[in-house]
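After this come two complexes, each holding chain A, first together with chain B and then together with chain C.
== the complex of A and B ==
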């Protein structure tokens, strides 16, 4: 049964296949777009095409960033910005009020500085660990002659999981009565309360994070490895280059652009760590051993007894500045290395 | 200088054999070209010589030393790749010295060799540039330079000119030939371009489907192709091929007839040829002349389909009645003809090549 003529867009004949829909849409938008082009000129047309995306980006990125910056200069517990008093740099001063930055207990907001310290160590270990394991895995997969696709999928699979699921699964695995302790009890007649001991819990947070995200970074590195022409290695082989020297003098330098992207992404992601660590450690425990900056921001803003939106926003702005400095220095280093 | 000997060399990937028992001897200091169509196994063979590709069976020797199981570095060869395979993140100087550093050579000696090679190849002005800042021709020279500094026993070239433009290709061709004369090192050069092979090599190996079709001096291959494949592959444009029949043969001549060329008599004997036997007649475009056939000479008529004039020479492409393939006639100088015009052509029967219709082997070669 053919669709009623009134349903078909203007210019589409009755009985025309639905597969020609794109043509029909093109015919409908052609006239107004042509008129617009005549009005503003061809050179400005690209801006029209990116406008829909820019509108969404503005609503969901620029406006919240702007609001966070604005909130950072306000005080009180009211949610609506026009109900909040302007306090200038007060929130920043409060956060940065410290006797010794290396000793969180000397700071006015010691939880913030504890979170900064925790985030710093987590970022360092997570970045180095993920980079190392992703690189090693990619190097091994790159040498496989068969099953590369299968193993690539195996390593990538955790990336597809929800952070909450990852946190919960590992919590069950590591719990007092969890799978791992089951094995330890069975074989060694011992039990470790992994998530309640500071050292163990921190190590597991980093390990789970590496396990969770490594596949994604491995894929970027693997793509980089596969883009290195094979004949360069053959030329090196003819030159009598050892495997080790091939890695240091060819693979690593040629992989540097990919490694740089991976490092920047890892740094940003590590500083933003929250969800899987929050679920795994039941809210940053034991004590504040796994409390990170984003968790501090979240708790400061949304705990029913705090609701310090201004302070949380100021912490967000400081974190944003930190990330910006990290990223810019990475890019500067990369540019310097290229010349 | 190193002589290379290949005996019953084979290469298989699983059950698929791609090189089927090749025997080639390369004399010390010789320039040998491996030619053949795409997929004939010439690059695979070169990689087997280099050590990049393991040898499945047979023996490869460098100066009587079996090298089958030696690594590329142990074979002391140098290879110039089609894509140049320069290290993109290293300067030209580093590209040239990298292989020497692997040998833990004295720095002063490395510098001396790098600078000597750079001077020889006129790249001494670019030593601190990276490959991406060089033109295709300059990159090619760096690749050759990287080979030279190692002072290898054998140079291997894998279609090194195919990424260059026509003018640069001609220039680099003569530079490589000059280099060979200067270094007197054994060189093996893979190309699908028969002009390169004919102009550069002292010996050509024609490969087809993983087998050697013929080995010989360039002119031998052109004048005495061993079979229809070599006859069709060597020479540009290709040889004209026509089916025919032997009418009579005696101790001093052979009379042949073809629906395309009429009846003509070759003024020499061919051993073992049988009257009434089916044959294939091959004629080079340069051996055909436009004009009516004189008595005793062969000739035919073709309908012109295409004329390619280069100014100093013209190729006329036409079709004889019933023929599937085009007949190509080489005309010196500029020549014009309307499409569809009927043109008579003739040839001296002494230049006709006869091949067995059954085996494709040259019948002339059977003459003793």
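== the complex of A and C ==
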């Protein structure tokens, strides 16, 4: 009855070869699926449809989440969980063993606390910086009477680049022989090896992150701006409200829910900084000036001479708890914004 | 002139804020464009040029000339003699502070001059071999192929499996439907950086370590994909599906022949995103792939940077190759991409 390959109607104007190839593949899938349907009934088919995805989610997300917590309570350097001895809270104790949390050198794992400190400063500066530039750019684009589409595309473009490309492009720009040093030599007769100086390299990591991701947040804020009805401003203009007051008393309050969501999203992403900073600074340098938490986890787990999976997982769990708090507050804010 | 141009606009004259807005937009464009443009320009320079400082703004190369009686082509220099006269010469060899040069017009006579009197003549030159050499030398073609394979296969599977799930979630009522949907959405909250270690153990357990399928399979199911497609499918009227059932079409056939074609716009958005995600993936392939034969472009590029002592002319050329497809996709589809991001908030 249902749909053997031979009676499949020829598609409407489906001349393309890709389409034909897909059709051929699907005809092979269609017959067993129809047979299965006769066997188990229509009502059970949706379970078949969600099955492959759920299997993949289970294997690659749900099982690892459970295991992450299990790993954090085990020690040794074996990867497979059943070969690992239970050590209780040992990993957490080791990570949190600190004379003074504000001074990483007093901690047992001072690299972890250096990473925590670096991540904290990065998160603060990156969130504030991105928020400022994204908001300003969105306001500017919202104001432009023409060319908006062009500029929106320009500012969004870096978002689509890969972290490796961004890291390398900027490493070259800031290099000893780079363009920036060319100008510095020309105008001020000095050269700065930006990425080998602690202060400069930290500033550039934040700057490059803003450059990289700003367009994404700008788009969200811009969408929020365009959702504000125009007649409010017209009414304000009739009342003779200055532009400055319009911004503080109308735009900003109306945009607030939007900005809060963006801020939490920024915090969540900033805490997980790794890729572009790692490439830009050649692995977190100079020294450990740009080593962040994710890099600590990655190195602790996968450096051939460390392989401390338990310790890395304990750090993951600690970071995960922080992220969970941020995510829940985001959901809460998003819900509040909807009402 | 400006007053004339702006008078026609409804809002009236350009005031200070308008000027500032334009200034911001143009300055921002330069900030975005300059580093990328600089990388593209530099990727076309010769090795000697790329290491010379201060850098030249256009790719150049030393001018060369073949001189009778000399085996190799010689570089061309301008000699400024102490008496102020200038002469074009070809450099034969250079020892310390003095150089042996020859006048191309009189190839028989070589003579020695101090290096300080010479300055090199350069001409506009694009070093395309920066792009072709890495293909032969560094497995670059292999990386490219691996990336294309991962991107294409993962995107095809993403579209197929996620739309199948979205179909079930939007067009059927079944026990546990909302629980399944909530469960899928909850995976958005679990970033890779938190489950890095156990996820790698799973990969090792499945014998997929250092295997491209290990990269593909774990990225196929995306909560954003399911969400995007489900929301779109909800707008498809159920009558169409009922009509097909009356015609005795199987459920899978309804999905394949009716729902999927109607979802083309949403599928297109997801396809664009998936291609960009997979092309740019870094941390997960870095963990899974260990032998250079299996590297993707991003991992290969990152490893080359440390491997051979900063050969920037090759690295930059490969960087440009890596950013080119994304740039082309964006040029043609920027409207769909920016609108897709703005409406769904995914990246």
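In this text, the second predicted complex is superposed on the first by the 266 of 339 C-alpha atoms of A that agree within 3 Å, B and C clash if a C-alpha of one lies under 4 Å from a C-alpha of the other, contacts with A are read in each partner's own complex, and residues count from 1 in each chain.
Heads up, the rule we're going with is that contacts are C-beta pairs under 8 Å (C-beta built on N, C-alpha and C of every residue); 3 or more make two chains touch, one makes a residue touch a chain.
It should be emphasised that the depicted structure is a prediction, and the values quoted were computed from it without experimental measurement.
Undergrad: In the overlaid three-chain picture, which partner chain does A:163 touch, first (chain B) or second (chain C), both, or neither?
TA: A:163 sits against chain C, while chain B stays out of touch.
Undergrad: Looking at A:182, would you say it contacts chain B, chain C, both, or neither? Reply first, second, both or neither.
TA: A:182: touches chain C, not chain B.
Undergrad: Classify the contacts of A:81 with the two partner chains as first (chain B alone), second (chain C alone), both, or neither.
TA: After superposing on A, A:81 lies in contact with chain C but is clear of chain B.
Undergrad: Between chain C and chain B, which one touches more residues of chain A when both complexes sit on the common chain A?
TA: Higher number of touched chain A residues: C.
Undergrad: Can A:253 be said to touch chain B (first), chain C (second), both, or neither?
TA: Once the two structures are laid over each other on A, A:253 reaches chain B alone.
Undergrad: Touch test for A:140: chain B only (first), chain C only (second), both, or neither?
TA: second
Undergrad: Output check: A:99 vs chain B and chain C. Expected answer is one of first, second, both, neither. What do you get?
TA: In the superposition, A:99 touches no partner, neither chain B nor chain C.
Undergrad: Tell me, which parts of chain B touch chain A in their complex?
TA: For chain B paired with chain A, touching residues are 50-52, 71-73, 77-79, 81, 83, 85-89, 98-99, 102-103, 146, 150.
Undergrad: Within their complex, state which residues of chain A touch chain C.
TA: These residues of chain A touch chain C: 1-3, 26, 29-30, 33-34, 37, 42-43, 45-47, 49-50, 52-54, 56-57, 59-68, 70-71, 79-81, 136-137, 139-141, 143-145, 147, 149, 151-165, 168-170, 172-173, 175-179, 181-182, 185-186, 211, 216, 219-220, 222-223, 243, 272, 274-275, 279, 282, 294, 297-298, 301-302, 309, 312-313, 316-317, 319-320, 323-324, 327.
Undergrad: For the complex, which residues does chain A have touching chain B?
TA: Touch list, chain A to chain B: 229, 231-232, 234-242, 245, 249-250, 253-254.
Undergrad: Which residues, counting only chain C, touch chain A once they are in their complex?
TA: Residues in contact with chain A: 9, 11, 17-18, 21-22, 24-25, 28-29, 31-36, 38-39, 42, 50-55, 161-162, 164-165, 167-169, 172, 174, 177, 180, 183-184, 187, 189-191, 193-202, 204-206, 217-218, 220-221, 226, 248-253, 255-256, 276, 279-280, 282-283, 287, 298, 301-302, 305-306, 312, 315-316, 319, 322-323, 326-327, 329-330, 334-335, 337-338, 341-343, 345, 347.
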